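Next come two complexes, and both contain chain A; in the first it sits with chain B, in the second with chain C.
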Partner chain A sequence: MLDAFLSAAAQLLNPVVLGAMLLGLPLGVVIGLLPGLSGITALAFLIPFTFGMPPLVALAFLLASYAAVSQGGSMTAIILGVPGEVPNAATVIDGYPMTKAGRAGEAVGAALMASALGGLFGCVLLAVLLPVMQPIVLSFASPENFILAVAGVAFIAVLSSGAPNRGLIAGALGIFLSLFGYAPTEGVPRFWMGIDYLLDGLRLVPLAMGLFAMPEILALMTTGSSIARPEGLEPISLRQVVKGALAVFKYPGVFFRSCTLGSVIGMMPGVGGATAPFVAYAAAKQTAGDPDSFGTGRIEGVIAPEASSNAKEGGALVPTLALGIPGSASMALLLGAFIILGLQPGPEFLAKHLDLAIALAMILAFGNVASSVLMFLLSKLLIHVTRVPGRALAPILLVLVMIGTYSAENNPIDVLFVFIFGALGVAMERLGYNRPALLLGFVLGEMIERYYQVSVSAYGAYFLLRPISMAIIAAALVCLLWPNRARLLRYWRYR
Partner chain B sequence: MAEPRAAVEVLEVPLNRSEAAFPALALAFTGAMLALGYFHYNYSWTSLAFPLAAGLVVCLLCLFEIAAILRRRGATAPRAADTTPLSLAALAWLFALAPFLYAFGFVFGAALYLLVCLRGSGFSWRLSLGTAAASLLVSWGLFVSILGVQLPIRPLWM
Partner chain C sequence: MIRTLSAGLLVGIATVLQPASAAEGDFLKGQTVRFIVGYSPGGGYDTYARMLAPHFEKRTGATVVVENRPGGGGITSLNQLFRSKPDGLSMQMLNGESAIISQLTKQPGVAYDMSKVSIYGRVLEEPHFMIVNPKLPDSLKEIIASGTKIKFSAGSRTDNLGDYAAVTCQALQMNCQIITGYKGSKEAALAVMNGEADALTISESSAINYSEGGRTKMVVTIGRKRSVQRPNVPTVYEMFQLSPERKWWFDFRLGIKAFGRVVVGTPGIAQDRLQYLQKVWREILTDPAVIAEGAKARYAVDYEAPDKLKPVLEELLERLPADKLKEVNEVLLRSFS
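And now, the complex of A and B:
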């Protein structure tokens, strides 16, 4: 094992590998800053450039840019309220209110530190767990994945501010909306109403942009004022950023819990990395003394999703490398890159190339730290954007959102759906419905149905009675209901 | 350096019965989709089972919410308090982008929209033209040339 570590470290110090990482980082940051473009886009765009490269150089280039994308998305989530990619939507909930209150520097500092350390945590865990991971990951079958996904949506829904039922409506509606288009088992198009666009179902990027970006853009256009309110304006300073960064150490419980949740969720093949930041946010809120203040600019609300978001990447690499089963959609693309480069991840890969696997964990760790430094250097520039008058910033953001949305699938109808989902987002925001729950339900809906169908086929109607399934259900119910028992009763009785 | 202002958001606002419209619409939409699937498209049980389960959950939760709103007289309800009244002018500017993109394509339509929008909001010609030029640079230079995104350059109606 020690030999593998030393060999991995020696390979990383190769100037060509370092150069590839330094080239991938700024490309990832630029893609991350563009709304709608995600880590998958970054990988899809950059994989063709790796043809002919030696495997480690190519993977260094891809993983460094992939690590940087998430950082860029966090910045736009905090500063503009526009999530760069779906998992960043969890950072918007408290990050953007902090910016509006003139605490953007703190939020950025906390996000960068939590991301960097979370990424390191995930990578260390990856390196440690790689050799022993196989039996644990394989013990989770379709019923357990089904329950985990449903519990993920329920966690977010019930923990919405003071309105568990509205959160559940949003989560269930998100799952229902994800079922439009071809059914996974029979290939029958559902609820398409004769509209060709709906044959492939509703799309994720227009939904995310409509739910989160459009209400903020409309608010900027309506008020005409800058994002940071004049009374909260304070020049962004190194001191403010450092204060935010140090806040991560003030909440070690939030940080370590979020990292662990992120890594574990990332490891589950097929559960989907988008769940991790939302679950970590929900856990931070649930364990806080005053959960109702979340959503108004709590720094733990930034630390939790950011730490888990980056920790999950290390976790997602575990099944990808150890089993050849991708832990997320991006990892599926990365798996393709491995095969293109002549490598076949799986149990044999670890036996033959343990040094390469550890080198990849180190690259991801380096990418997380280096992209945090890069974003820190850019943050002063980006924070000036919060002082641009809303009536100037809003149309610019709108154009960026529309172009970014179009770029996801090159389909102009997606742009129309941004407006439609925008109306839904505005209504939900004003009426106190949980937008992240709807988004997460939508992200996981198709997967939940697939696992449900497979579970019923393989285990029959009693698939929920498997011991691991029952243990997860019991744990989820206790976590959901016990801390909220008073709130649930109060909601029905009207407080 | 001044202490940052603490973010305060009031989450309880006076109850408005019209809030029942949202769950009612969600209920009507979900119910209509399920009815369409069952009566019009005649989906098989395998195709409809899961949407039916998810849809019924939505319907039941919406009914619960409507009942909860209607039985609360003079109470408060959870709502995001930091909302500004909707402005028709802002909505008009927001939706104006769609005809620009349709009429002039994404690259030139977006630049033209920014020029008109910024000038219309009282910004200087210099700033408006500069922003429009920057939009051209980003949409053409970055998206089309570098990222290879096939943004429609010609008007969508052509």
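And now, the complex of A and C:
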């Protein structure tokens, strides 16, 4: 094991490999800054450039840029209220109010530190688990995916504790929207009205962009003022960024819980990456002393999603390398790249190339930390964007959102749906309905349906009695009941 | 500037004045050809298209743009190709098996007719295997003899996993359950590895990959001849004495399998253009350099001519008796659930 570590480190210090990482980083940052363009787009775009490269150089290039994408995405989420990719939508909830209150520097600092350390956490976990991970991944099956999704839905109520009814309505609407298109198990399309586009149902990227980006763009357009009102507020300074970064250490509980959640969700092949930051956010909110102040600019609300979202990638590499089964959509693309490069991930790959696998974990860790540093250097520049008058900023953002959405699937109808969901987003914002709850319902609705039916077909009603299933149920219950523990105990004694 | 303009003008005039009997393939020179892929970038179909596109460009002088149009499991992109102009400037790297099965079972959304599309050439037909969880007995005969219900994992009933499973169960009269809902073949394979399902029918490259390290094992080749890479795994025809009626199911499914990954074009392309395109694709797919390039990246090429494929298609789509078609639909979509 130690030999493998040393061999991996030696291979990474090769100047060509280092050069490839340094080349990949800025590309990833740029892709991340463009709303709607995600890590998947980055990989799809960059994989053709790696043909003919030696495997490690190519993977260094791809993974470094991939790690940088989510950093860029969190920047736009905080500074502009426009999530760079879908998982960053959770960062908007508290990050953007912080910017409006003139605390952008702090939020950026916290996000960068949380993602860097979260990414590191995920990679360390990956490196430690590498030799033993096959049985771990194999112990997760459809029932666990189903129960995790149900636990996620329970968090919808948490996300919207200020107005639970409206939160539940929004979550239910999200689940309803997830029902469009092919039913996951029968393959029969629902509500498709003879329109080819709807065969695959409504898409996640236009939904996230419409819900989160469009209302902000509209607000910028109509008020014409800049995002941060400078009058009387502290100017953005290095001090603010450092203060935010240090805040991560003030909340070790939030940080480690979020990282663990992120890694576990990443490891489960059926659970989409968009779930992790929302669940981590809800868990942070639930365990805080005053959950109701979330959404008004709490720094834990930035730390939790960012840490979990980057820790997730280390976790997602686990099944990809151990079994050749991708842990997320972008890992599926990466797997394609491996095969093109002549490598076939799986148990034999680990036995033969353990050093290469560890080198990949190191690259991902380096990518996370280095892109945070890069973003930190850029942040002072980017924060000036918040002072640009809205009338000038709005059209630019609108174009970027449209390009980003279009490029996700090269489908112009997606752009149309950004406007449709944008109208929904504006209405929900005005009427006080919780937008993250809708997004979470949308992501989880499909998972619940799919894995419930698969679990019942495969195990019958006994699927709930699997040990890991019961552990997840117990963990979710503890998390949900934690804030009310005093009241519950009192009730118990009273009886 | 003026010189370029006049040069352009001359070229334009020359093009217009060219006699009708121009050299074959002139309709492609300098044109942009759309090479449609019904799946996302990075997958197998996309990689094939991107690997072959430069060779098409080199031979025809056209510019090829690979367009990814994921959706409907490949149905939507084929619908669009079916409706496009028959000028020979649109082609598709198609999952031929899936397209035929979807049409035969009248899946919602199918607005194409495979018997009308122009076939340019088959890129690859891969052998198929049944793989099982390592805890099951080594031989399929023993597995069937045990009488326990065999759970097959699949994405849907018509996704090249579910329909194979149904045909196998029907032909071998097995006690089966097909569990659908897995997201693609990788997740279905994971279910076999972790014991949630018992078996999966899957293409050779995946079967070999997933049986590495004893995670699953290959018990039978679903094909007429043994695979070159796994010659010790017997075929279903060798393993079982099948009555003609039961044998029909394998023959039927393997007939569709002959289409594999196939390059097709819009219906109704003028005969001279069609012949030229078919010739170009035959040259590309039989070129030893192309085959070697593919083999290096583990993307094998195994050409089959359109005139060999067309009769099979007619047999399946036009001459299948109504009662047999009904039975096919029953077995593929409803039995063993």
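One rule holds for everything that comes next: the second predicted complex is superposed on the first by the 455 of 495 C-alpha atoms of A that agree within 3 Å, B and C clash if a C-alpha of one lies under 4 Å from a C-alpha of the other, contacts with A are read in each partner's own complex, and residues count from 1 in each chain.
As a convention for this text, a contact is a pair of C-beta atoms (placed from the backbone, for glycine too) under 8 Å apart; a residue touches a chain by one contact, two chains touch by 3 or more.
Note that the structure is predicted; figures quoted are calculated from it, not measured.
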Contacts of A:410 with chain B and chain C, given as first, second, both or neither: both
Touched partner set for A:219, first chain B, second chain C, both or neither: first
Greater chain A contact set [chain C / chain B]: B
First (chain B), second (chain C), both or neither touched by A:457: second
Touched partner set for A:295, first chain B, second chain C, both or neither: first
Touched partner set for A:163, first chain B, second chain C, both or neither: first
Touching partner for A:305 - first (chain B), second (chain C), both, neither: neither
First (chain B), second (chain C), both or neither touched by A:73: neither
Which of chain B and chain C A:122 touches, first, second, both or neither: neither
Which superposed partner A:188 touches (first chain B, second chain C, both, neither): both
Overlapping contact positions on chain A, where the chain C interface meets the chain B interface: 185-186, 188, 410, 453
List of chain A residues in touch with chain C within their complex: 43-44, 47-48, 138-142, 182, 184-189, 192, 196-197, 199-200, 269-270, 319, 323-326, 332-333, 336-337, 339-340, 342, 344, 346-348, 351, 409-411, 450-451, 453-454, 457-459
Complex contacts: residues of chain B adjacent to chain A: 1-2, 4-9, 11-12, 19, 22-23, 26, 30, 33, 36-37, 41, 43-44, 46-48, 50-51, 54-55, 57-58, 61-62, 64-65, 68, 72, 75-80, 82-87, 90-91, 93-95, 97-98, 101, 106, 110, 113-114, 117-118, 121, 123, 127, 131, 135, 138-139, 142-143, 147-152, 156
Chain B-facing residues of chain A, complex: 30, 45, 97-98, 100-103, 106, 161-163, 165-166, 168-169, 172-173, 175-176, 179, 183, 185-186, 188, 190-191, 193, 214, 217-219, 221-224, 231-232, 234, 237, 239-240, 292, 295-297, 391-392, 394-396, 398-400, 402-403, 406-407, 410, 412, 415-416, 419, 422, 426-433, 445, 449, 452-453, 491-492, 494-495
Interfacial residue positions of chain C with respect to chain A in the complex: 40-44, 47, 50, 67-73, 75-76, 79-80, 107-109, 111, 151, 155-159, 177, 179-183, 186-187, 189-191, 193-194, 196-197, 209-210, 212-213, 215, 296-298
